[in-house]
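Each structure below appears as structure tokens.
Shared between the two complexes below is chain A, which has chain B as its partner in the first and chain C in the second.
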Partner chain A sequence: MILYAFVLIPIIAGAVIYLIPKKQMRWVAFALQIGLVVLSIYNFALIRLYGPSEIVLGNFAKIAGITLRCDTLSGALIILTAFIFLICFIFGLMDKFVNNLFIFFFLTLQALVMTIFLSRDLFNIYVVTEVSTIIVSVLIMFKKDSRSMYDGMLYLITNIAAMTFFLIGLGFIYKIFGSLDMNIIGARMHEIQDAKVLAVPFAFLMTGVSLKCAFLPLFSWLPKAHATPSAPSVVSVILSGLYVKCGIYLFIRIREMFMPALEMDNIFLIIGILTGVVGFILAMSQKDIKMILAYHTISQLGIVLIGITAGGEYAYYGGVLHLFNHAVFKSLLFLSAGIIISKYGTRDISKIRGVFKKMPYVSIMTFAAILGITGAPLFNGSISKYFIQSGVKGGIVEYALILINLGTIISFIKFSTMFFGGSVKDRIHVAFGKKAAVTIMAIMCLLMGMGGTLVIRSVFNYSVSINMIEYIKKTAVYFASLAGGYLVYMKYLKKMKFIKEGLEMELSVNGIAISMTAFFIFIAGAAYFIAI
Partner chain B sequence: MIRLASLLLILIGLYGIFSSRNVIKILIGVNVMELGVNIFIISVGFFKGGIAPILTADSFSSAMKFVDPLAQAMVLTSIVIGLGITALGLVFARKIHAQYDTYDLGAIGGGKDD
Partner chain C sequence: MGGGVILFFLSINRTAESMPPIFSGDVVVAADPLPQALVITAIVVGISVTAVALIMFISMYHKFGTTNWLKAMKHRLEREDE
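Here is the complex of A and B:
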């Protein structure tokens, strides 16, 4: 029954709040968020004790009905969803743009995200994803600025086209298996004699999901959607911190589903490495604070993909842990970027100076996130990156990871130049709620760094251990990269043209559609040849 | 044959998304593509000699000949979703037209105004 609550309560509460036009209703929404966090932790505890819980909607037989199923991974992601939405409410509760309509959209999106994490029915996932696409594109355009019209439109069309691909794949799957339940399909997968028939549906499903995850050729929509000038920073937090995880989650599930018959980890490993590298190169060249962060989302998603597909349990669990860590530190970065942008009135990183002197508290909290994303020892990013690296020890993938991390460090050296300089001593006042939100997230960065192994143990029931000597080596590599990155940035990169002027690599709607089709043909062809 | 038709429609729709920068035309392309997909899913549930899955006195004894109703139910759902998305897209298109006096996405995407 609890699973129904995650799906229904936010939507119903959102509708009620919208219908009662009182300003005080936002406190109801806030109380609801606290309730959902508690409920999600309770749900997770139940799953840990009694095993996965499952509901078939309408009490149909399992093969005919729509299944909601919650295992530990879903449960942990539900906690993450509830937690990040709570932080957003703490952060933005008093902001001007938060009216009852906004709360309605926001809560509906929360319910949809939770449904994606719970649902095991491919068609249900398609429906929920489409509806959430509508909500997200409305949220992107919420302030109705001129620039955001284009960003929202681009987001809408590309994601609809991607989900149409998903729908075609779903039709093929239904034809082959006669069912749409992922668990049933996964269980029947080994009965497939000739894996070649799976190549086309696999490619269709994966193209849809890969666009949602913003893998290499299909990421052009993401920075526009996540960093659109008009969207409030809480929307950016939800999109970049949480919503993009739905794509990765679907990737994990569909990969698992096809695993017995068709495995394309090597191809996706290469895509992951390229995504990571291209992401940080583009991030380095941006001038807009939010753009930098949005491109880093792409780069970090590449790292998650490397972890999931590199093979070996350590790398896989590291990849999933990195998904959680990324949600935490990227949310914190977007929150503090929101504070800085609203206080300075500009998004250009070269014009913002002396943040540290004006807002020392927020700056310190932001540094926790920067240390997290660059993988500094003790902070959360280091643990997950450590596990991914220990899974791929030796060989080219490890060097690729070090390279991506170096790029991230260089890019964040550029990012942190805005904290320094500036002699103006006048402090800028930051509201209590905003301070509280960034403080909680910064503490989470540290806690998940200390307890990374605990997270993996509770989510996967798998004990991982950190080899101290290896970890110290990684720490040394980190400081070497930090020093090297600083030198390289100050000596060479700072003067290079593409850093100064910005690198444009934006595709139009047509370009994204063409690259999506090319991606599909590539994946289908590769799957066909792997199946032989 | 019917699958060929659905494939053709999907390709026509894709071509529309590829080639046009006009918001309205792109939305039409998306719609044509969705139509193709819907026909494809209907064809998945169909077999030769199948009858509509409606339980009447006549068809009671021949329920084995029913075509798969689930595929049809899915298509109904996806038609509704397609309607919602088209409506939203058209609202956005109107809004863009009111602000820029154009439906051309290329024209409004080029200018950076922040």
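Here is the complex of A and C:
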């Protein structure tokens, strides 16, 4: 029964709040968020004690009905969802743009994200993702600025096209297996005699999911949607911190489902490396601080993909842990970027100076996130990156990871130039709620860094250990790349043309559609040849 | 594109002698009812998505004054420079 609560309570509460036009209703929403966090932790504890819980809607047989199933991974992701929405409410509760309509959309989105994490029925996932796409595009253009109109429209059209791919793919799956339940399909997968029949549905499903995850050729919608100028920063936090995780989550599930018959980890490993590299190169060349962060989302998603597909349990759990860590530090970065933008009135990184002297408190908290994303020792990024690296030890992939991390460091050196300079005189006041939100997130950065092994143990019941000597080696590599990155940036890159003027990866809808088709043909062809 | 998907769904598991499983008579081979249920949902979702996209399109036309995507893209880039 508790699983229904995650889906229904936010939507019903959102509708009630919308119908009662009182300003005080936002406090109801806030209380609801706290309740949901408590409930999700309780749910997780139940799953840990008694195993996965499962509900079939409408008392149908399992093969025909719609199942909601919650295992530890979904449970942990639900805690993450409730937690990040709570932080967003703390951060944005007093902002002007938050009216009851906004709260309605926001709560509905929360319910839909939770449903994606819970649902095991492919068609249900399709419907929920489609609806959440509409809500996200409405949230992107919430302030009705003309640029965000374009961004929201681009987001909507590309994602609808991707979900149509997904729909055709699930039709094929139904034709082959006679069921839409992921667990049943996964269990029947080994009965497939000729894995070549799976190539086409696999490619259809994966094209849809890959666009949601913004893998290499399909990412050009992401920076626009996540960093559109007029969208409120809480929306950017939800999109970049949480909503892309739905894509990765579906990727994990679908990969698991096809695992017995069709395995394409090597192809996706290469895609992951390329995504990571291209992401940081584009991030380096941006001037807009939100754009820098959005391109880093792409790069970090590449790292998560590397972790998941590299093979070996350490790398896999490292990848999943990095997914959680990325949610924490990227949310923190977007929150503080939101504060800085609203106080300075500009988004150009070359015009923002002296943040440290004007807002020392916020700056310190932001540094925690920067240390996290670059993988500094003791902070959360380092643990997950350590696990991924020890999973792929001694290969070309390890060097690729070091390269991606170096690129991340270089572009965050550029990012942190805005903290310096300026004068102490004009301190800027930051509201209490915003301070509280960034503080909680910064503490989470540090805690997840200290207790990364504990998180893996409690979520997957798999105990991992950190080899101290290896960890110290990684620390040395980190400091070496920090110094190297600083030197390279100051000496060469600062003067290079594309860093100064900005590199644009601009595709129109037609371009995105062509790249989507090309990606589909590539995956289908590769799957056809790999399947034996 | 939506129409193609719908037709594809209707063709799933259909055989020539299957009958609609509505009457509780002596139906030997019933048609699989699930694809129909899926299709009706897909149609509803498709219609609502189209409606939302059209509304967005109209307001985008009011903002940019063009229906050409490439021109709209140029407008957007120009506004970024301002």
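Simple rule for what comes next: the second predicted complex is superposed on the first by the 531 of 532 C-alpha atoms of A that agree within 3 Å, B and C clash if a C-alpha of one lies under 4 Å from a C-alpha of the other, contacts with A are read in each partner's own complex, and residues count from 1 in each chain.
Operating definition for what follows: a contact is a pair of C-beta atoms (placed from the backbone, for glycine too) under 8 Å apart; a residue touches a chain by one contact, two chains touch by 3 or more.
As the structure is a computational prediction, the values presented were derived from the model and not from experiment.
Clashing of chain B with chain C is the outcome of superposition onto chain A. Looking at the shared chain after the overlay, A:160 reaches both chain B and chain C.
Of the two partner chains, both chain B and chain C are touched by A:147. With both structures placed on the common chain, the touch criterion links A:309 to neither chain B nor chain C.
By the touch criterion defined above, A:129 lies against neither chain B nor chain C after alignment on the C-alpha atoms of chain A.
Within the superposed three-chain model, A:384 lies out of touch with both chain B and chain C [touch as defined at top]. The residues of chain A shared by its contacts with chain B and with chain C are 123, 127, 130-131, 133-134, 137-138, 141, 144, 146-147, 149-150, 152-153, 156-157, 160, 164, 167-168, 171, 174-175, 229, 506, 508-510.
Contact residues on chain B toward chain A in their complex (touch as defined above): 10, 14, 17-21, 23, 26-27, 30, 33-34, 37, 40-41, 44, 70-71, 74, 77-78, 81, 84-85, 88-89, 92-93, 95-96, 99-100, 105-106, 108-109, 112-114.
Here chain A touches chain B in the complex through residues 123, 126-127, 130-131, 133-134, 137-138, 141, 144, 146-147, 149-150, 152-154, 156-157, 160-161, 164, 167-168, 170-172, 174-175, 229, 347, 506, 508-510, 513-514, 517, going by the rule given at the top. Note for the complex: chain C touches chain A at residues 1-2, 5, 8-9, 12-13, 34-35, 38, 41-42, 45, 48-49, 52-53, 56-57, 59-60, 63-64, 69-70, 72-73, 75-77, 79-80. Note for the complex: chain A touches chain C at residues 64, 123, 127, 130-131, 133-134, 137-138, 141, 144, 146-147, 149-150, 152-153, 156-157, 160, 164, 167-168, 171, 174-175, 178, 229, 506, 508-510.
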